[in-house]
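Dumping the structure here so I can ask a few things about it.
Letters A, B, C and D mark the chains in the order given here, with residues in each chain numbered from 1 onward.
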């Protein structure tokens, strides 16, 4: 383990880790819109100065071609780290990612590989409205051949980014803009963290909270509040969504018998559904209460501040879900509406 | 006009013939061995001159990517036709172990980085391969083949702009066979509708655009060679419209399981009732035409030509036999190669 | 009165009837009626029946624009996976505009695409990707499994004021079925119970409905009565019908042609695990495609996909004989 | 002449509105990503000033000017930017997603070039409905490198749609100069292969833009099209408010400041005696008053209730 730590931010850590990887391997290149200028969030600041504008390339606003070019470059032996400025824009590169990157190794019978990292960021904050705030990771977890990483803190981000760059597969590395500028302790010489390993951020015996990205810190806050009420909650930070660390999840829920899964994406069709489906198979005989899912309501992200605040999931939602799971004893009418399709959706 | 020595000329003819015969055998498999080929195959008969004329300009280390109509390129690059046929038959000894099939042939060992089954989507990937070549600085060039339909995909525009902007060592070869499946170019392309050559699209990216007769391998060679030289010299990409005529239908019949697959009549006849157009194309078939030319100018004796034809027939018969003899993969292997 | 037509014919019947009923209905796409003696062209003319370039982004974006100004376009996309090259229009434009405009505009359009062509079409044309659309607020997703539903759901889709993803399974294309004559609508959000049974609930989607019914017959011969439910529309999803059935049977098997991880059946499993917790007597079992790209070679393809035997096995598992742990 | 007064009124309303928005953004009263067009008012005024309510305008993420020039009421617009219930879009859209159907503003988009295919469809609908209405789509030079630009241009040209592409080429795509995005400097050259009529205009010369667009509009009304008008404009402010703008070139700044379309046209108008100094003063005062009215209206408007979010997901 690293002895020395420095205080820095998530976004600075991304830049310094990219620099680390580029120094270690000349095949690592960075491309994306404005990356040579540091990008809108400074996640690539300083790279073009150190490594030049050939290895750190500004691209036109051509997400499809840029992602495709990164795939081609990867198949031809480079290790591209491509940045898609907002995960909302991954829609413009989805064919390249799903139909090309994820399948090349398979369809070529193992001849090709695509050592590609696609960095992007999502999440609702800063009133970005419906086209700059989404959490679309659930799609990507449905694609065999992709790996999907969602770090919740700078230290993990450093270690996972190093692994992602070293990985022979296409890895989608999803950051959350609202984590970018928090100050955190980070190892001054980060080492790679294995992809596919969840981490217990708080151990407990009464309830398991499984969270991703921003919802990890929210869940820890909820856990503290629960602790004050004598409920001892375990908080698992998934860190990787695909491959999924089912052992860690199964072990914990089999012990606690109660589970809450929490993410920022919409509840309907969110990744929490996969987690719930997995848990009820892994730990059915141990379950003391229905698994609770915390996710955003089934609407696009609204702009208006009170609406966006209401839309964003947080510690209170996790707390409420946990209480529901804890207090569950007899079959009762479940909070049905929360899971069903919005009014008027049934159509004509 | 470049002077190619006789051996090279005969090599070109032989490759054209090998491609033609291989694809004839693919086509015949639907009749002779019903059910052996599944899914969708697409033939390049009529484009052999364009394919071989282009590939004749490559040096070892150069690379190419293509669209799903992709049998011809690996054949000319020297991929084992036995493995190719076995792949199209879905067998264990196939080029891709039975994972890919006709639309997804790949053979990196000869520089064939593969094809995409989605129209236009290999264009950005080939562009990326050229980007890698530029960084590697070993003078490699990438050829990218696609159809006229692909030029209406956003990926085409985005990629050509990028390649021209970054002066990437790539040559884009648009094989214009005038049909998107059953739609004629003038029904879906503003340039075609205006009676312009599709190479004018190059203007939008300030790169040279040339239109050539894709049925004459030497004409193709000259133009592609110049474009390849330009790319090697670091002067950037070129768009070449190679006009060919697809002598078979777009692909075999698209039908759910149970319905026997076969090649329907060419769309010119089946959809537009235009037999004259199709017959004219048949009369201009580049393969016999090139043989005649080589025999006429004494490059190739008709005996030698017949001998070559016999060898090619044997090779492809062997490919079919090998494919049929090869066992199916173990079903459990279906979970391999999801990750590297 | 009804008549027999193939599944695909039933779809075209609905489109044609709606075009006759409402002149704002358009139908265009790649290779749609390239020549003029096509019946639709004869009936409705070249303005409303159009062949378009291979430009999915433009084709779908255009439909959005045409819908915003009062048309009801039906876009022929051939294969669902081709939507991946135009996902921004499908996800970021069509279903968002009404919302972001505070309800001023509506976007009535139908994106018609085949899917799940697991017949040797290899890795890029066989995907079952409806799960990707069901997580998108504003989109509706329709997956008919019979000729009658194919017609009724298409009619409803065209009349719906929202963007509707209409997905027809290629393996069903030529399956004949009885279809009601004339105007026929099937409401969204109403599942169909294809077979009654009290021992176990099987929810199957699209092509899998037929497999589930065959498996159910086999199980019946062993004295196991399976109830088979066809959701018909995935968004909106008729969760009530599924939960009511699970209340009765206490056991649920989900059959889905999509790969397991992050699939739509996982979403159903999650809902039932939560809201049907007290009724469940056994873990919910999913019979899906295994998590890999669909391979070309037949034996490998078959190995990945659900079949009657796998469905029957899962039913036995939830009935408690064999251990379940994944 | 009235025309001149109208142009000045519109430009002043845009200028004052956006300067006020910049202040409100700094004090966190306007929310979300805000892109200003200060320095580009001339194009909006000259183009939209000639349109009817039933002509559709599809705008980009930099939409305030187009909206104001198309006749969108300032109070509802300001309320939208402040996320209030009485906003154009009831607080759900914000600056990047302004829509005012009544005045033919069919929408801004937050995805570069995402509006282009939509405009093609709108023009197709116009053609099918037999009306003589025209579709106008605004976009920046950054959108030209997006694939859907070419897909859309091909379709518009192929189907000869009554669509006028108006490119505001400010030489900067987001944060980097056009030279880093394309080897082709002028957008009129990018569409050269499609062979339809195209014009290059100095975006700081309001009358030049007005006459070039007017000529296209006339033909489009008679069923002609498509057309492309490229206006060389200048973005006086960052890509978005808060952008550090390290990519600026001082000299160009100065030069452009002198070519500000508003001051430039105002000087001409006075010189030509189309307006007198008093009228000019009145126009500016009126604009400031109208904007303050709008701010007052917006601040008085309540925030929407959370229920609204679920209400509008489906029609």
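Heads up, the rule we're going with is that a contact is a pair of C-beta atoms (placed from the backbone, for glycine too) under 8 Å apart; a residue touches a chain by one contact, two chains touch by 3 or more.
Model, not experiment: these values are computed from the prediction.
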Between chain A and chain D, how many steps is the shortest route if every step has to go to a touching chain?
1
Contact-pair count is greater, between B-C and B-D, for B-C
Would you identify the chain whose Cα-based centre sits farthest away from the centre of chain C?
D
Could you grab the centroid distance between chain B and chain D? Build each centroid from C-alpha atoms only and quote it in angstrom.
46
Can you work out the whole-Å distance between the CA centroids of chain B and chain C?
36
What is the distance in Å between the mean C-alpha positions of chain C and chain D?
41
Please tell me the distance, in whole Å, between the geometric centres of chain A and chain C computed from their C-alpha atoms.
29
Sequence positions of chain B contacting 2 or more other chains
94, 96-100, 104, 116-118, 121, 152-155, 158, 161, 165, 188-189, 338
Residues of chain A that touch two or more other chains sit at 60, 62, 64-65, 88-89, 92, 95, 99, 106-107, 129-131, 144-145, 298-300, 302, 342, 345, 347
Of all residues in chain C, the ones touching two or more other chains
52-53, 55, 57, 81, 84-85, 88, 92, 99-100, 122-124, 137-138, 140, 161-162, 291-293, 295-296
So how do the chains connect up here, line, ring, star, complete, or something else (other)?
complete
The residues of chain C that touch chain D in their complex are 26, 47-48, 52-53, 55, 57-58, 60-71, 73, 88-89, 92-93, 97-108, 137-138, 140, 161-162
Within their complex, chain A touches chain D through residues 33-34, 36-37, 40, 58, 60-62, 64-65, 88-89, 92, 126-132, 297-300, 302-307, 310-311, 342-345, 347
Complex contacts: residues of chain B adjacent to chain D:
152-158, 161, 164-165, 188-191, 193-194, 196, 200-207
Going by the contact rule set out above, which residues of chain D touch chain A in the complex?
31-33, 83-84, 87, 91-94, 96-97, 109-113, 142-143, 145-147, 173-176, 180-182, 246-247, 303-304, 306, 308-315
Which residues of chain A touch chain B once you look at their complex with the stated criterion?
29, 54-55, 57, 59-60, 62, 64-78, 80, 95-96, 99-100, 104-115, 144-145, 147, 168-169
